[in-house]
Amino acid sequence: MSEQISSSEPSPVAVLKDALHNFEKVALSFSGAEDVVLIDMASHLVEKLSVFSLDTGRLHPETLRFIDRVRQHYATSLELTLDLLVPEPVALEKLVREKGLFSFYEDGHEECCHIRKVAPLRRHLTGFDAWITGQRRDQSPSRTQVPQRQIDAGFSTARRQLVKFNPLAAWKSADVWDYIRDNDVPYNELHDRGFISIGCEPCTRAVRPNEHERAGRWWWEESTHLECGIHLMNLDQEPDQTNDSGG
Amino acid sequence: MSEQISSSEPSPVAVLKDALHNFEKVALSFSGAEDVVLIDMASHLVEKLSVFSLDTGRLHPETLRFIDRVRQHYATSLELTLDLLVPEPVALEKLVREKGLFSFYEDGHEECCHIRKVAPLRRHLTGFDAWITGQRRDQSPSRTQVPQRQIDAGFSTARRQLVKFNPLAAWKSADVWDYIRDNDVPYNELHDRGFISIGCEPCTRAVRPNEHERAGRWWWEESTHLECGIHLMNLDQEPDQTNDSGG
Amino acid sequence: MSEQISSSEPSPVAVLKDALHNFEKVALSFSGAEDVVLIDMASHLVEKLSVFSLDTGRLHPETLRFIDRVRQHYATSLELTLDLLVPEPVALEKLVREKGLFSFYEDGHEECCHIRKVAPLRRHLTGFDAWITGQRRDQSPSRTQVPQRQIDAGFSTARRQLVKFNPLAAWKSADVWDYIRDNDVPYNELHDRGFISIGCEPCTRAVRPNEHERAGRWWWEESTHLECGIHLMNLDQEPDQTNDSGG
Amino acid sequence: MSEQISSSEPSPVAVLKDALHNFEKVALSFSGAEDVVLIDMASHLVEKLSVFSLDTGRLHPETLRFIDRVRQHYATSLELTLDLLVPEPVALEKLVREKGLFSFYEDGHEECCHIRKVAPLRRHLTGFDAWITGQRRDQSPSRTQVPQRQIDAGFSTARRQLVKFNPLAAWKSADVWDYIRDNDVPYNELHDRGFISIGCEPCTRAVRPNEHERAGRWWWEESTHLECGIHLMNLDQEPDQTNDSGG
């Protein structure tokens, strides 16, 4: 592990190339600032890109405006498919009828995240062989071991192995924001109001000076559990690493 | 028509009683300040109430907090079922993939309203014989003829006639707010920031002093078309009126 | 009195002409939406205009931006002198040292208003023979008898009689906003957020639908005392009316 | 110089004791988060404390609420005199009449800062032999050489030498915020909205993730000139250092 997280790791662009060139069915997961950096890098590598975002129904209006701004920004340089995945009504309506709209403050975010994020993601990923995320190791205690490439133990199925790429795994927050500034990459306007890591509106808050970015997420729960279930394997297990060149 | 809109009309409570006592399968539609007035009145008339709200995925976070506050507020006095109806994923994801999240600013609000409001409403109303709304005649040019009770030509089916009750048809805006103040009825915090009529976030704005309340809705379209499709019959036709006592 | 408040009263422009043409030393008091209507009317009547505003040190940042926008807006059509009057330091520093910055919530707004508004106004008005205000009769219970023209019993001195003009006395709120809309008159952006009558930041709030505009001012005090002292004669006494043509 | 900025420097409390115990006429300058840390430390060292703040007339309403909250918070543990220094009217009214309220965006912040900050400060400091500030070396390029104690070349007069103490000179931003968190020290609510260094409202903005705190101040000017004039000697000259024990 320690070798892989050394400075001799491939660059983000190299990892992104690996994903985009070696997999036919590959999608980029988009929600935060890191992901637009990846879209921006990809716009110089490929002509078509499949991006998806989880529209949980609880995002900030500012985040929805940001998502659409990204769509428009790259529409000229890239054939961009942007899928917004929404929750399945039966499960969602049942949860809300029984527990209301804010049950996560009482019994934890997993149930809501499962319906609004994990299930739509699982449904969508069945159409792909690989996906790309913006995870970074310095984002949270649960992400310190994130490799640049791994078999996605959580979303692979008996029929199909899914590979997960994290091209920015070795980047620091400052690297992301330097890239955004240097390349005029669109970013969520909430970042101008003290927000760093941005998820659903009721489960995100601005952080104070010198607070860690993940302090703004699910702040009423234990800091070791701050994953929404998309990257749940970060919590459960040693990440499986795949060193074969995929495809 | 003119007689019906006279001061000799039944009171809101009388109309509400008619709906709640004469129909077994009756639901109250909830989104705005008027609707909570009706819930409040109903809490003195019945022990169980079926309420629904259209959770379009684009409501203000403040509106979602308001909806949940209403649920909690009446939980002690009433067996309140609060259904939040969400859009069907296939149609919604198709619209957004093809046109993005803000197509209504370009080609009108009907398409988006249909998917996020009308279709979920139609699906839900198939389970009911009557529904209750907070429409008022002074809300907009398209509502000046709203009767207290009507056959819902838009949502009745060949198999089932649906009756629609508008108990507050004859009330003025001031009547609503007097009731809210006098009875400590919960209201949307956006009303404290210049919002009067409140719908989806991208399609609602605060109004200036002396602007009409509907000036804050779909302001980029013709003022005679400012209905979302829920009350579309207001636009299309003379309302059918039913004077029989229902059931 | 009743005759004067009839529809046979002179128009706002006629009253404004009376003030601007018959008095050499005349100043227009500017804080709210009404006052910009008067500046706009005056820009068609005169080439030079002396306007002042009370910069209490507690105005909303939005109000300061609005004041400067008005200055720039009329700079091309009018030689506009815009004086911002600030409080005298010794009295202000003494008040704040002894009672802090929010004493008005405890013992009333008069003491603070006196230092931040009345004293700077009195100092400034000594240089004038007449002043013009935007008072309207329907603004508050204390203003129902406001005449279009009066001797200012509060600010006249033994040496100099001061005449006060209220050209919009007979206008309703809707008249003001119709004029603003029809003439593209700049207005305070806070009006787009539910504010109607706007004073100092800690003493002003947005109002709810159908609340009276003055409900947003000094709301913790008796509604019959809601004057800041600038128009204190509205509270104390029958207004003296002067029907001579001034000068 | 280099020795003084080593880890062998006295602690903040030691420097504060030096100031508070060796000078009879000593005042603490208060505007930001650092300064409340110093007030908190002082509350354990002395029974009386003279604090002042520059009320420029352009502070955020949130900052004024913060200042008053600090006054109330320490009122029980300390005999706290809190002077809010306001600008002198003649100079201020002249500037605003001639250039409006936002001239600093055109010709720099010095003129406005001089009237609203430096002049009131100079007037106030004539009554003191020493003052205490919250300056830190890592705050900005102009502060990297700030000593813990210095003769204030800018505000000393021929008649009286003024000593300036910067007890937190060696602290990092994280030290300040750790202290605030650990000791429940009141802080400006704007820090919860992305603001780090906070000055006047038109001259302060929130910063984005990973931006330096001073990026939020006078951002339209050269970064080497970002001092308001209070600490202007940081720009002009090598700081004079005094190593005698004062008094």
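Going by the order they are written in, the chains are A, B, C and D; count residues from 1 in each one.
Just so we're on the same page, contacts are C-beta pairs under 8 Å (C-beta built on N, C-alpha and C of every residue); 3 or more make two chains touch, one makes a residue touch a chain.
All of these numbers come straight from a predicted model, not from anything done at the bench.
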**Labels of chains that are neighbours to chain B and to chain C** = none
**Item:** Interface sides of chain C and chain D: same vs different residues, half threshold
**Value:** same
**Asked** So what angle, to the nearest 5 degrees, turns chain A so that its CA atoms land on those of chain B?
**Response** 180
**Asked** If you take the mean of the Cα atoms for each chain, which one ends up farthest from chain B?
**Response** D
**Message:** Suppose each chain is reduced to the average of its Cα coordinates; what separation in Å results between chain C and chain D?
**Reply:** 37
**Fill in**
Whole-angstrom distance, CA centroid of chain A to CA centroid of chain D, is 42
**Message:** Using mean CA coordinates as chain centres, what's the gap between chain A and chain C in Å?
**Reply:** 55
**Message:** Using the touch definition from the top, which residues of chain C touch two or more other chains?
**Reply:** none
**Message:** List the residues on chain C that touch chain D in their complex, please.
**Reply:** 55, 57-58, 60-61, 64-65, 67-68, 71-72, 81-89, 92-93, 96-97, 100-102, 120, 201-202
**Message:** Residue numbers of chain B touching chain C in their complex, please.
**Reply:** 33, 173-174, 176-178, 187, 191-196, 205-206, 208-211, 213
